[in-house]
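So, here come the structures, one by one.
Below, subunit A partners subunit B and then partners subunit C, in two separate complexes.
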Partner chain A sequence: MTNFFKLLRFELDRFFKLYIVLIVVTIVSQLAGLVIISKLYMRRAREEIVVNQNSMESFLETYGQFSLANLTHSLWFFGPIALCIVSLLIYVFFIWYRDWFGKNTFIYRLLMLPTERLNVYLAKAMTIFTMVLGLVSLQIVLIYLEMNLVRLLVPRDFRLDLTIHEVIRSFDYFNILIPDSFLGFLISYGTGLMAVFVLFTAILIERSYRLKGVFIGGLYVAASFFVFISPLILSEIFLPRFFYPIEMFLLEVFAGLIVMTGAIWLGYYLLNKKIRV
Partner chain B sequence: MKRYWKLIILTAAVILILGLFYTKTGTANDNGPSFTIKKIQGNEEEISNILLDANYHQSRTAGSGHSLQISAEGTKYFNEQSIAEQLFGFGWDRQIERWQKEYRSYMRGKWPSLSSFFENGKFLAYADVNYNFTGPIGSSRDFTFDIDILHKETGGRVKRETEVPNRNQYYSMSVENVQVTDNVLKVFTSNQVEHQGNHEIEIHVYTFDIQTGELLDDKIIIEEKESLDANQWAEIMILNKHEHIGEEEYVLAKVLNVEHVQDAENSGDYVEQVQQLYFVSYNVETGEIKQFEIPEIKPFAAAGISPIPDKAQISGSTVYFAIFTTDGIDVYSYSLETNSLQGSQKVPLEKSFSDSPVIKVAHERIYIVEWINKRDTDKSIIVADVESGEIVYSGRIELQEPEAHSGEYELYIHDIIFN
Partner chain C sequence: MIEVREITKRFGRKEVLKGVSFTAEKGEITCLIGVNGVGKTTVMNAIMNLTPIQSGEILIDGQKINKRSYEKIMFIPDAITMLPQMTIQQAMQFMDDFYESWNEKRAKELLDFFKLEEGNKISNLSKGNTAKINLLLGLALDVDYLLMDEPFSGIDIFSREQIADVFTSHLVEDRGVIITTHEINDIEHLIDKVVILNDGTVVKSFYTEEVREKEGKSVIDVLREVHLQ
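What follows is the complex of A and B.
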């Protein structure tokens, strides 16, 4: 156990500088974005009302009230989110490959540690997972900050205050990233964790069988995906509407658990028996 | 320990923030505001059994809005259904939900369309037409009846698959109504036929033995060309198809022929002109077919207003047509037994109603609900007596706690459901 946490700490340290950069970029971009687009909005309001002598009603009719939805629909907001997602996706691969291709083949030392080799695998997965959840938490805190900041920037008559859930819903993909309910959260991030394990195992297949492994790894990912959606295929093609929603849900959870255990077990096997340095 | 601070802080922050977020903010009640039906005039009893299917949109925030149901008691949001239902649910119909609870194994594998079901005290019956994609789209298909009759008392089921007779003539089929009477199951379908380049619609009634599920009879009620040429088209439809899941005396169909003609007076624009409008009634018990016109329901086609209802409300042997006019709603009641108009009433509407309110006739009442409601919408529900035309209730859909929900909104009403 201590070995696992040592490895986790170690992996976290290795990415921490870049992680801080992602955090700072997100904070700066979203807060600056809010200030800038609210200022632009208020400037336009002044122009319309003071210079063009339009009524406030007609301005609001044309441009609408200002709400955080204006922010969430802008690049200022989803740009850094996309950046974080892409960075972490790349890091899923980088976290393994740099141990082979970095200075002095670090993987050699990792695998020689007097601990279960699976700990290396699990620590890397938990690193990705913790960092993802860290960014999600940051986004939640940021939305609360933005909800308060917008009150300082835009006068009440021009402003439409949204609840946190309305802000989340105003951005299309947020209901996957920040689901409404805790169960939804478990589904989103359980599926995410499963995908990380599958990708890790695919990487290990490639590392074990090299060029042939690319092909086998691809097949493995496809097979995992197929197992995961097999309840859906069953209910769509062979037994239409036979299963009730709750039964489908349990079948899906079961299929997900099979894929996840399969990935970890295969990863364990490859690390111990097949891996090449 | 000192070397672990990053890990500790990160984990603690994640647990604290996500924990607070999912315990403190609440979820379901945050969908949107609650609405109730508030009386302006009349007897509140009149609306105690209705539910309004609605969709709530907040202006200026994107998103698809939220489905909800409004009744005199309050609001229920669609999102309040479970995650499993949101992910894998097959529709949202209270009646079908009720059957799924009560007859769990019977309801498996059934297409959740009310027109495929029949229910009375003794039976719950289901009929659908299935096919496999064999040839290219447009070619004939291997249509097969899927019949499933549940005897409520004994729990016995008659389940049978039968080939549709002459099935290679049809390129589409849909079940419109299902009835059980005198030991037979009658399935009303609309079949599309391709006949020498012309599209034809045939309304069939297929009769099955309720004990064996065997197909006894196939009879054509209406056969009509759907389109003759580019300027002419017809609409052939069964008027009591949805919501009618119980016993009915009559099944009623409408046949409408329309031609596009150039309007000489009006800058040569093409206008729709009704060539022919007639109705066909089928007596479910006796099988008697009557074809008739109702001269009082004048087939005119004015700009933007559809004068001929797509739905008719049938109760017993009386059919009610509700026709929206410029100053109100004309309600015609017509007897299918004597084939005569029994009465017509005008329900006056105030100007505040927009072009196409939701209209339903049931329980001797006509219900008229404004379909788009905003913060300042005043009157939005009217209930009137179909016999006298007298307004027995009027009310509005009221936002609760208006001060807590600033901003404009739109509340769209799709349907009136009776509890």
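What follows is the complex of A and C.
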């Protein structure tokens, strides 16, 4: 267990610089975006009301009140989120391949550590998971900050204060990233973690069987996906309206657990019996 | 003792190892010799479970390799296996964090011996100093066996001499060493046992002293004979 945490800390350190860049880009982009968008809104308000002599009511009727939703629908807001998601997706592959390629083949060192090789696998997966949770937490803190910043930038009459739930609901994909219940959290992040395990195992298949492994790995990912959605296929095609929602949910959890356990077991087997440096 | 028993290994359709067997004892330096592509590195990787074998068995002190074995045996490949952005000090700290057998005192001794600075970044090291760091990270472990893959490959004469000196020092004493090298001249006088690989099999295995005393031949003489056959 101690070695697992040492490896986790080590992997986190390796990603730290890039992670800091992602954090800074997110903070700067969203806060700068909020200032710019709110300033533009207020400038337009001034033009309409002071220059064009329109009433405040008519301005609000035309342009609506300013809320954080104005920001969440802009590139300033979802741009850095997309950047973080893409970076982490690339990192799922990079976290393994960088240890094989390049002048310094660190995979030798990792595989020769006096610890279960599965710890390397789990530490890498947990690194990705921790990074995701860290960025999501940052986003929640940023939303609170932005809610307060809006109050400073836009006068009361012109703004609509949203609750955090309303802000999250204003951005479609936020429901996945920031679920509003513990169950939702388990579903979103459980599925995410399962996907990471499946991809990791597919990478190890490729690293074990090389060119042949690309094909086998692809088949493995497809098979895992099929097993995961098999309860949905069962209920949609073969047994329509047969299961209660709770039964469907439990079947889905069961299928997810099978895929996840299968991925970890296969990863363990490949790392101990088939892997090549 | 390291026992390699009838191991076979294929890469695709090509059979690289066709039933290789040999033993390496503690306290002896065993040299694996053969032309390029004969499978020397593959044997090393197989011993460390860094590549799967098709058949055969490898035992270290009578046991198959497991996580605890890595406190007992260390492989020093010919490429640096630490991250380029690490300093020598960080690389040593990494070893200290994970290996119970890490010997800090010996590591410092080796740093002085090789005249290396702890603060130097691995990416800035010359080929010779990289080889020395590789050696340092392996030798500073209190392991029973050391596997070294081409430790003299591509390095200058002075670094080579310095590395060769390690073999006659107390740093290697009582350990079992398996080494692969093309620079046989540098260490011929240090080797106890030679295993010649050719076409995926062991064609000859002998103790250097026996050959020297009984037949009056050097390792190179025997090698030449084998290749002329």
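What to note about this one:
Heads up, the rule we're going with is that the second predicted complex is superposed on the first by the 277 of 277 C-alpha atoms of A that agree within 3 Å, B and C clash if a C-alpha of one lies under 4 Å from a C-alpha of the other, contacts with A are read in each partner's own complex, and residues count from 1 in each chain.
The rule is simple: contacts are C-beta pairs under 8 Å (C-beta built on N, C-alpha and C of every residue); 3 or more make two chains touch, one makes a residue touch a chain.
In this text, all values refer to a predicted model and were calculated from it rather than measured experimentally.
By the touch criterion stated above, A:Ile164 is placed in contact with subunit B alone, subunit C being left untouched. When the shared chain is aligned, subunit C comes close enough to touch A:Pro114, but subunit B does not. When both complexes are overlaid on chain A, the residue A:Phe238 reaches neither subunit B nor subunit C. Set against each other, subunit B and subunit C touch different numbers of residues in subunit A, with B touching more. Once the two complexes are overlaid on the shared chain, A:Leu8 sits against subunit B while remaining clear of subunit C.
Shared contact residues of subunit A with subunit B and subunit C: none. Against subunit C, in their complex, subunit A makes its touches with residues 3, 6, 10, 14, 102-106, 108-109, 111-117, 208, 272-277.
Residues 3-4, 6-7, 10-11, 13-14, 17-18, 21-22, 25, 27-28, 30-31, 58-63, 79, 82-85, 87-90, 100, 104, 108-112, 406-407 of subunit B touch subunit A in their complex.
Within the complex formed with subunit B, the subunit A residues making contact are 5, 8-9, 12-13, 16, 64-65, 67, 69, 73, 130-131, 133-134, 136-137, 140-141, 160-166, 169-170, 172, 178, 180-185, 187, 235, 239-246, 248-249, 252.
The touching residues of subunit C, counted against subunit A in their complex, run 45, 48-52, 67-71, 74-75, 77, 79-84, 94, 97-100, 122.
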